[in-house]
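Letters A, B, C, D, E and F mark the chains as written, and numbering starts fresh at 1 in each.
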């Protein structure tokens, strides 16, 4: 029987000029949906897990389109509260070469940002659930959402559900001070911590030494240090850190490290030609949760998570549209991209 | 030398599935811009007038794209204030046959809705201006915007500028009671009142007898009555009422009446196959202002305004992309649509 | 609690040149999915019912895309068998004016056409179900599929589930003789019979007198006769006949008649500007089942079914994307297509 | 063995905004090819005839794309001379409702307009040929092209080939005086004359009484008069006149008259919802030539030609993409547009 | 006078999501045509040769569209038999970076797969022909097609026509055992054998030592060995082997070797950024045949074939759209991709 | 107050197949506008300068669309003369990998090529202007345009306006001999000379030793020599030379050198993944003028110009859509392309 996972957060309308057009050139936008925790839910549903995404969305057709985008890929949407005024939006302009991608958020006042604890009955939501996942974006939506998160964490902990959190710092949503305060409280419930090469520093002030994220180079020793500090400070069972080396908007190096039981496991590193970079971190989280729930060994776990997210970078949209077989094939070493007939 | 016109209001991002796709089917949205007063400004610029649109827009690229959409068609954007958080949005689903078009507004919190009187220096804006136009949508954005409107009306009045107002009642923005209160105050400055077949009733409770707007039929005598009451109550020099007979989402009858100096002037009526109905009323306003500023006789005025807006219904987008020559040709009687080589 | 409906049949990949392009002009095809019973399931899911579609589809990604197209709109796909070689295809060229739409089928050898009774456990499938629907297309796929249909009908009858069948004669799939033989056997289990103006004649040789389907006119008395004969011969509780008057590929008249308890109920007639005609009959079936399951009075039932299918003709694709509210609004008399803001 | 037809003239690149977008709105153009005589050749190739199109086109890829557009539909392009500087262009904006379609020509200096008699060896071209067709546009391209036309007509006449000419007056290319002079000379070689409701008047000053082409009405008696005068003056065996009644850019009435052996044959009249009106007259010519070469009776000839061109109005692009069977079906009376499965 | 070449095989409808969309994301497919031998015919027609493609296609419009796709590029389609039920299909999902391209075949039951020897009169087809080409895919379509191939080979051999065969093993169509048996028989008629780095091993069990096709590296010595064995075993005059080094789905190394008269000729190697990889091998075959028929020296032959196929990788669709001049320019050493004005 | 710049030249309609389609494959063209001096004007307007573009364009809608394309991005179009027959065209096929981009010009007879000195009143145009820019393309349009250029240069010189010229040799427009003669006369008025790695040689026969532009390598010493010779011969204050190393159609190295006051300043070099290469040189000119007018130090000037044009290569269309901030960020060293949120 497939494992049950709940993810909780915001799903936004993603408005993106096609190809490499800039915002000021476009008169058509791709209109899809995405958001950290929704992306993780889709990853898991694509791996055959029973994934439910919890949020609040307006009753109107744009809200319904968001629901449909999740149902299409097999995510259970029955716990999505309906009401409120608007679907949050993010505008995405795809970068190329030396020109970076650009994201403009227009998410204030969304249904989930205006939700209250009364919208979610966590006792019911968590029936029979194995894993609960959220990111640092969700509590950043407002004090009311922080409170909902806290309720969810407490309810999950009570039921013995594993809790994972991707720190995912967003400086447009809150200050580092506020983030530190709130995340410190929430992280006491968290078992598995996921972070990218900047989050630990932004949220908790925990830095890898000698790393310049704009240089395309990362310092492995520094990240071991960061992971250990995080685990020591919050009692995380696992800490996973993604390591992105940005050569250009088109080319990135991609790898990660898993820290568990005092050991460090580094994945292979991939040089990726990027189709769509957004959701890359979330697909890593999805891979990590899948591997963990299926009791992969630590090295296999980090290889699965990195291969899954490597593939995501070749896929349009926030959602990672890959199967377990495809991930295993890449994790197993076939990165040649030869035609499959 | 071309006449100078100021219009003031909100310009929104218009997100519309292509063709007849419903919201829940679309994964691409046409992304253009429009809004009552902006549409009037474009009409006038296309007629060769010196039209300036005044609003507030964010500094980011989506705000810039809104500015560009106006500049492209020759509207002067130099008095647009820049700042605030977001561009208002409306989602548009085009109807067909018995299925109506659908509009979902997502405009709360837009830069103009959050603007203050300090954003606009009307003394400077109105230098050398001949005409000022706004609609009932603008004050409905909030008390702050009502106040800006009031300042603008007073400044315009002081300078002897003709003021026109399209009543344009929007029930999602305010109650009929509130609308009546605010519009009653603003209308004392207005010289030319434009309304459709429902506005006078919605805003001021002034009704045409025996008219059912969903039946495709209109009662001419009733509208004469309405126009006279409006003029009497507010001292309008001119009252223009558009008469839409909706046969289906694709087919509408379209005509209008002008009341001036105690006389009623009815236009020809057109049976229109609709390409895009949004902005139809605004294009009527644009035609009316053009004809008025160019001293057309009353019958010629109403024929020009109706022909202009008839053509708008054949054009994609909010903006009416027609020339004076094209309008005059139709108003002059050539409605056969024969190829122009 | 919402009623449960099972529909069973084939879902095909629909390949259609965009707009009015002919097959020989197109280098892009819209690629969506549809099929008689699948279309009914989507209608019902959109009305909030618990609709499950049963079929067999290949395991590969094209099969998965078919599944996803159903999940997206809320249809339960958990009883879809996976296996076999291919997804059936139909090519659709949209007609205009005097040029008819054209359908080319390429469905031989599809997974469902090659399925066996072992693929479906009807006992399990029909747990808690209220209604079972299929069409005359399904048994026409082959003797093996006829056998599956028969098993399904028997199982449904045993559980007291209401069974509806849309006769839907397809001359490319079987002869009139074969159709008569098979449908005569299956119809003994059927409670509600749906047919268009030609089916009864094609399948059972029961004809309406004085009707020429290419003339745009239909003979009401004749259809009363047909319905009565059908009910008398097979013991149907209800017979519903759709009445299409084809003026051109763009313009059709649309109405229907319901025969129940010895009474004839004729719906209003709609003059439709057609966006997409395919699935029109299926959307009628969906409306009829919804109204029946919700105990609408006979006149309300036929008005709902016809209004639902009238709206379908304004919607792209096989699936009817309308809500109960939208159908009720039209059935209630508002056919003016005025913008909904 | 299929009959051989030569058509001679210009094929242009047709640049058209998609859908109903105006020139000033579009940032994409459909890029297809068309031109009076090329359109006739495609019609005939689609009917299974051996049709060759003669012109001159540049050697570069845009010239090659023009050649390919003809080969694709089976037109023999082996006598197309290659050389010169440019492919002529016409920009086409599709009208709707009261807004007319608009054509902007940019054809000066095209390879064919700059061609000389040395480019074409008519003796070789006309080997085994049954019919030669050109239009009044071709000699209007310049005196050099008039000379080529004259050579072709003489060579064809010598070989006993039937010659047809569609008068097709284009006021952007030459004056009425010049047209009259040139066409008077060329028409002495012509056996079959085709004209629309305005051409006879524009080119030869022969008018139908009491007809206003912009009113949507035509006067049958007047056209009989025109045809007779044309035949009498130039000795044409057949005169065919198309009768377009333009109700709007979307809706036209369409019929024609054939005058042969002193008798007048009027076709049925069709009310058409127009998809693309350009090439409508050429498709009439194609139908007329096909029917003539296949010895249809006069009434069948005019019905075939009108049905063929009626169908063209439902098809995107200059080329008429219909088969003999489709034309015969419509000419035979089935105009209902019912789906063909 | 240009050389005449016959190619024989299947042409399929190629359905491909645009850009890098996965099958489960796409709602539009590019709809073009392609297939091993058809691709070679188009290459040759683009080089100015008289290329005829022989196959069987249904009479309906999808079959006609396949014919048109070939005529458009100058391929002679007059020997294509018409009849049967369907056009074979392949679905193509373009890969990127570490994600491979994916092909799903749906070709069973196509007209050519169901054809018989009676459909083709090889005596007539081979009149005046210089070269005959087929691939290992064609006999794999079924025993009936193997028989047709055999007839063709015998007829060609009798007339002294050079025969080339691209081994092209497809494991979805037949087993290695069956392939070996059939190809062994057919290869006795073959003069020129083309293979990629895996075919010789898959079909005849002839392997290059020390080569791992997923590693991006090839072993030149091994391929010399393979070519010699092939030539020795079947008496081929020429053996050409393409050497693809797959770095990722976007980046491949590309080169080839020609073995003739006991000598080995290696081409330059190209690092390619891939636009569309499908048809890469066929374009090599096209180049090889062109060079051979035009008596290029061996080194020039292999350089031409590799340059031709290198360019193909930069072109969308199965067909190689390049001219002799373009190939010669690259083969001559200008690989800089500088703009040609 | 922002600096005023005039640029003078031709703006053409740019017709380009989308993506990597070749001309012979495309049935849709992107339809935008561009041209050397227009591109510079857009760059400057995007940097907030008061940029006016001077040309002549027809009065029709295609001419208007060209005007609108400039207004959209803030270029002042009030000095554009209207009249003449046509908008010049260039067809652009985007290259990939080893396949070069291809440009076909169709610009003869354009309004500006047929303009006369009477169309432009340089005294009025140059009121309050700081900089005048043109390229070698403009005088190449014809002797009449050379004369206009000369008038402009003289008028500018008289008013003390800085004059820049991009040599931009186009061999389709004139011979090297003619270019040398004309440019020698015009260059005596020029203060700032811009050239690419080939122009100096093509126009003036001044060559860099040991450089092969197709090899991807450039010789720095050689360019120092070239710049010095140019400055010495014509008295230029500044000479800027762009250095493009073409690895493939997708990948170029990009750098430049500025020679001023006897010193040579080399920029950083960028390895670019190209989105659209056309307009790359013009964006360099735009950057150089901006930096010069804002008194950047020489090294900062060349870094700004190169960073600006590096970014251009990542942007679709002729126009460089970047802000001063974006250029400064890249020039400052952040070339990692990391997402901007």
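Here is the rule we go by: a contact is a pair of C-beta atoms (placed from the backbone, for glycine too) under 8 Å apart; a residue touches a chain by one contact, two chains touch by 3 or more.
Being a predicted model, the structure only gives us computed values, none of them experimental.
The chains in contact with subunit B and with subunit F alike are A, D. Using mean Cα coordinates as chain centres, the one most removed from subunit F is C. Note: the chain lying farthest from subunit B is E, by mean C-alpha position. The geometric centre of subunit A is 42 Å away from that of subunit C, both derived from CA atoms.
Taking each chain's centre as the average of its CA atoms, subunit B and subunit E sit 62 Å apart. Separating the CA-averaged centres of subunit C and subunit D is a span of 44 Å. Counting partner chains per residue, subunit A has residues 19, 22, 24, 27, 68, 73, 102 touching two or more of them. Per the contact rule defined earlier, chains pair up in contact as A-B, A-C, A-E, A-F, B-C, B-D, B-F, C-D, C-E, D-E, D-F, E-F. Of all residues in subunit D, those touching subunit C in their complex are 19, 73, 270, 272-275, 307, 310-311, 313-317, 321-322, 326, 330, 334-341.
Residues 68-69, 71-74 of subunit F are the ones that touch subunit B when the two sit in their complex.
Residues 15, 18, 22-24, 26-32, 60-62, 64-65, 68, 85-87, 89, 91, 93, 102, 104, 106, 108-109 of subunit D are the ones touching subunit F in the complex. Here subunit F touches subunit E in the complex through residues 19-22, 24-25, 95-103, 105, 170-172, 213-216, 246-251, 277-278, going by the rule given at the top.
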